[in-house]
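What follows is a set of structures to go through.
Next come two complexes, and both contain chain A; in the first it sits with chain B, in the second with chain C.
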Partner chain A sequence: MIKQRSNLRTPFVLCVAILACFSTPTFAQGILGGHVTGNIQLDGQISRRDTIIGSNDVPEKLLTNARADILYTNGDFSAGLRYEAYLNPMLGFNNQYKGQGIANYFVSYKTQDFAITAGHYYEQFGNGLTLRAYEDRYLGLDNALFGLNVMYRPWKGVTFKGLIGRQRVYWGMGEGIVRGLDGELNLNEIVKPWEESRTRITLGGSFVSKYEDDETILSEISGYKLNLPKNIGAGSVRLDLSHGGFGLQAEYALKGQDPNIMNNYIYRTGQALWLSASYSQKGLSANIQAKRVDNMGFKSVRSQTGEMLYINYIPAITKQHTYAFLSMYPYATQSAGEMGLQGDFMYKFKKETLLGGKYGTDLHINASLIRGLDSTIVGGRGTEGYTSTFFGTGDLYYGDLSIELAKKLSNKLKLTTTYGYVAFNPIVEGHAGDIHHNHVVIGDLTWKINKKNVIRFEAEWMGSDSHYDADIDDKRCGDWIMGLVEYNFTSAWFVSLSDQYAYHDGIGNYYNISVGYTKGATRLQLGYGKQREGIICIGGVCRQVPASNGLTFSLTTSF
Partner chain B sequence: MKKAILSILAISALVFSSCDRIENENRLIFSGAVGEWYDGSPVEDHTHRALLEKYTGVRCVNCPNADIEISNALQHFGHSLIAVSIHDSCTFTRPYEGDPDMRTPDGNELSHFFGVFNGDYPNALVSRTKKTTGEWDLFTPTAGVDSHVEPIVNAPATIALDVTAQAVDNDGNITIKASIEFLESCSDTLALTLFVMEDGIIASQLSKEGKINGYVHNHILRDIITDWQGTEIKADGNAGECRYAIFQYKIDTTLWNPENCHIVAFVSNKNTMLVLNAAECSIE
Partner chain C sequence: MKKIILTFAATLLFGFAMAQNAKIPENITLKTLDGKTVESSIIQNDGKPIIISFWATWCKPCNRELNAIKEVYDEWREETGVKLVAISIDDARSASRVKPHVDGNEWEYEVYLDQNQEFKRAMNVINVPHTFLINGKGEIVWQHTSYVDGSEEELFELVRKLANGEEI
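What follows is the complex of A and B.
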């Protein structure tokens, strides 16, 4: 159940009044010894019906998302607010954002050893396994906490954080109250003989608890409802160790009984383990990451579905691909349960060697593998739910491999070639179907004509064993080709033309043209074309994007 | 420094204690009030009882006369008649200073729904029957109620209903069990409604002779445990089939006298609202 009590649009009168005065052009800078900074973003979209790609007419004709962040700082004091407007929300953004108002406001006092923020704030403990309040405008996600956040460093190398608040959900507040404590010890600063040591050690621990009132959740046994825990805690310990080029980070988190809609109201405790080991030196770096997540979805409202009101965050250990076909199947982190492994290796072949040639060659290899847990169901709602073996694995969820070679051919030409392989189980997006196996080949050539003119050519091919099925309607299926030409000229303008075409066993022809202009801190971009429906993910957190066909524009500026 | 450490430890202890653990045997609690039904045992008593809902008020001068008529009818029909006095929020029901307030939001809902609100008081309806014209068969109970009750109680019941209530503790928590047996096959959607009633409420009452101090009000509707339109009885019933449900409820012991409270249950047609049978019980 989404419970919304207070309205974020209610202005924080004092804060707004102060900032309204200070943000006039006359007071743009140097007000009472402080200054005002900010940034503004306006995105718009006009989309029309296209039966082939599945886009629909937009009744409003024009959809816009806008925001303006304004920050006033004066020495150790700062105050800020954010105006947001969704009139109406662009395609893919939740309709509950519809409206406009002051979505975020705060006052803060910060010194080197002490900080306090009242109002909206973002915070992260460790890697986020117990708490991460953050926002990502491109995902339409904002888990800001509204309350009080305190940081205190009583001694050198010792940092404590404490917070309490409720989370934003669209224009309201989730009913649950979140409380958290975090402590971090930098041993090199605490232990004097270790101050100059090459071995750096930081230890940390956190505890987060949420309170939520009772509600009626029926058991699977007629006539009974669940006796729900009202206070749910999660704690973690972490280590950050480095020695020269070596690094090791680890965090283990445990969550108490938390029956919620994501786990079908089972009483099993949750746990997560995250490990990362790395080595780097000039021209070489290697990193390996592993994680095991078991029933770690942690929200401040137990019956909330979707991406909002997450208290914690499970870090993604798959590469955030940038090329279109490699990122066509992004992986969504499964907080219910998964085991994963990722390896990343970068090496620079030196100049004047066989593989390095005249300018050197960069090799980048990345591979990841995510599987479900090896679990056995022992009951439904109101029970432990399932058991799982710690090292056992279940179904394949996702696997990928990318090998990228980047080579400067001359002073003006740089070529990047990539081979990629992706195996994707559609079950992670919540629908059935066979695992898709895709092979991707990419060529990317950048021609620097002169200092102010650069042309980039990109060609991609993807062969897949998936076939378009009208019943499932996954428009990513099939074999694809793509071409892109991007021209940057006078350092201020760019024009880009691209087309993605499903030439075999797929559906759709997605062409796009964009023009952009940048002057100082202001950037304007116009685009026209077709957008395939699908999912975009950032850091393992995803948003469904419907198909669109039409004009898009974006204006960003800062002051 | 010492204070800082103690403060941190105290806060840590407070936060760490903020974590509930519910053992396996305590994870489920009774909650039938959402209308969860399962098979039950047959109902022994197949009596067809009439439900008399009387709309009344402490400032209604004719209402004491209606109480006399209803009291006579209760003696005449015995346990085949169940009486309920409903106080809505019209001008006749405003309590006198210092007296208990017998008005309820549910009473308001019923009064508005049946077209009584701000009309004639007292007013009555037996088993939510309708006239041949389709209007609710409302009548003024001061002229007697027998002619409205007799056709109901003389007709055979199509549903047998039984209700029992037991106190769980001394805080007003009670468990109510309702049993239904289909005496005839039924394909209509049915609803069960549970009223919490209180007898022996002392409050002033206006009469033709003037204000009567210390008037005893009986059969007063205090609350409706289910939705005021009843909770749906799931699944059609064939003759001989039984349904059974458990409800939990907490009596407001700060405002009501639990020893004088009892439960009224009735099964009605969800669409027509016609009451098919009713039952009442004290809280054991």
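What follows is the complex of A and C.
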């Protein structure tokens, strides 16, 4: 149920008018109070067919995504709008983005104690378990709320937020109405004697509800129409506590009966628990996170599949790896149900010690384990669906371990070596198959020749127990090697050459050459080569990207 | 539609005509590492230069930049009085790792969390690392995206100019 963008124009006129009104008095008064800032991005690609890596023909030859954000600020007042164009959408972006227009506009008035925004806005309650409206331009993700958002601080240390709106989906708006309230108390600011205490405590709570009209969904067995709830609520409580180097954060969320297409219209309530404990001092830190998620997918439109229209956000707690082979099998949160543990440890070996050497050595260890829930199916559509035990776990979904040593060898050489292990269950990406076990070794050497010239070398190896199988067509299988050389002339120019090659049990040879130029906040990058099919993960969200073969370019600038 | 475009263009042109350096937005909500809510107006340095660096725990060049500056930060502060403010754009996935990350790396910077990316949007940051240089009046006088080993020296040359009251 998506409304088309026919009514976009009226608010746009309004927005421009308000923008103009606010700037005119300034002009009349001759006060130089207002500022226009913004940013522009243009990406494009020319891709050719390649049967081995699996890239398809692009009938348009050239695909481009563009956007420009314009922001006007005058004291406590600000207004902005964003132009987006997908002519046509680049590979990996949903085809429903096809087109161009003003995708986002808002006016906002904000003082220290009070803020109001009308139009499109982004917001997050706590850790996002009940509500997070956000965007990620590289993933083509934008679930901005369109409506009203208010923040009020009646006393020091007390913050209330209230909002209402509907969510953006591509060029339209989801039918469901989202309403939310959030309160946060910083006890150290409220309770006078605790003001200077080393123990810092913040408490919070939120309630979010969505309304959506009835529709006809039939039970699979009886054939009767399901009695769908029109209003669905979710609430959470949270705690943030720290004492010197110790920290503890927790959030627990509950969601009412929410039969939807993602859980096959079952009436089980949802819940999520997230915990993080850490200790740190200079040169040493440890962090452990745990979470349990059970039927917690929460969308503003019950029949919407895919990555759009999520009201809440369940973070993946696994580490965001950035080396190519370590991130080859990235983990995506299973909001239907999962149990996870993640640990992180950092230590600096001091200078002039056995392991520290002349300049010191950094050690970084990370491990995680994610499993499914221990659940028993009790029925289909229109029933409770399944039951689960709170502490029980099911199948292994994902596990990883990485050990990284970073060391400055001399004034000119810096070396980082990494060993990684990743176990990955393809069920996470929605298809059955054996669990893949991969070992990865990485060497990363930076050579600062002089003030202006820097060369970086990267070599990676991945050994896997998986074999390429044409029926499943997972092009990440097999054993791989990779080499990369990157030459930088000051911070202005760079050229990089890289190649990933499946030398055993796999297929594919992904070579790439890139050239970039940066001046201030303007950056131009050109690339030629083959892009791996796979999941790209930025900021904790992952999305499938098809293979491409050809030229890519990207221009970004801020002003 | 034409009218709208004209109005908008006029507004824009007018904005550029006033061209003076934009200031740091003041009322953006940020969080300290111990959970306190603060406004972006907290970013102050008694009329001396400020470096604002947008980063994330998972961003390798960001970490290289902040680690490289760490080595020379005391000298920079002594010579110019400059202060570095590091804005983490980590979201719920990694925000709870920011404090351990900062301590583990022995960074002495002022660090704030921008989980909702409100400050990132207000400062028109597209990718991290993105570094701003702010003069004593709170105006943005220079910005740069990306980091290459050694480019912190170019940055410090500019800080030095600012501290000496020169234009950049």
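Definition applied: the second predicted complex is superposed on the first by the 526 of 559 C-alpha atoms of A that agree within 3 Å, B and C clash if a C-alpha of one lies under 4 Å from a C-alpha of the other, contacts with A are read in each partner's own complex, and residues count from 1 in each chain.
Heads up, the rule we're going with is that a contact is a pair of C-beta atoms (placed from the backbone, for glycine too) under 8 Å apart; a residue touches a chain by one contact, two chains touch by 3 or more.
Keep in mind the model is a prediction, meaning the values are calculated, not measured.
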item	value
More chain A residues in contact - chain B or chain C	C
Partner chain in contact with A:His35 - chain B first, chain C second, else both or neither	second
Partner chain(s) touched by A:Leu355 [first = chain B, second = chain C, both, neither]	neither
Contacts of A:Tyr211 with chain B and chain C, given as first, second, both or neither	first
Partner chain(s) touched by A:Val378 [first = chain B, second = chain C, both, neither]	neither
Shared chain A contacts, counted only where both chain B and chain C touch the same residue	none
Complex contacts: residues of chain A adjacent to chain B	154, 160, 162, 179-181, 207, 209, 211, 216, 218-219, 221-233, 235, 256-257, 267, 382-384
Of chain C, residues touching chain A in the complex	1, 4, 7-8, 10-12, 14-16, 18, 20, 22-23, 25, 27, 29, 34-37, 39, 41, 57-60, 64, 91-97, 99-106, 115-118, 121-127, 130, 142-151, 153-154
Complex interface listing, chain B residues touching chain A	1, 4, 8, 11-12, 15-16, 18-22, 24, 26-32, 34, 36-38, 245-246
Partner chain C, residues of chain A touching it in the complex	9, 12-13, 16-17, 19-20, 23, 27, 32, 34-39, 41, 69-73, 76, 78, 110-112, 115, 122-124, 127-128, 132, 134, 137, 151, 159, 184, 186, 188-189, 200-202, 240, 242, 245, 247, 249, 276, 278-287, 289, 313, 315-317, 319-320, 322, 344, 346-348, 362, 414, 446, 448, 451-452, 454, 488, 490-491, 494, 518, 520-521, 523, 539-540, 556, 558-559
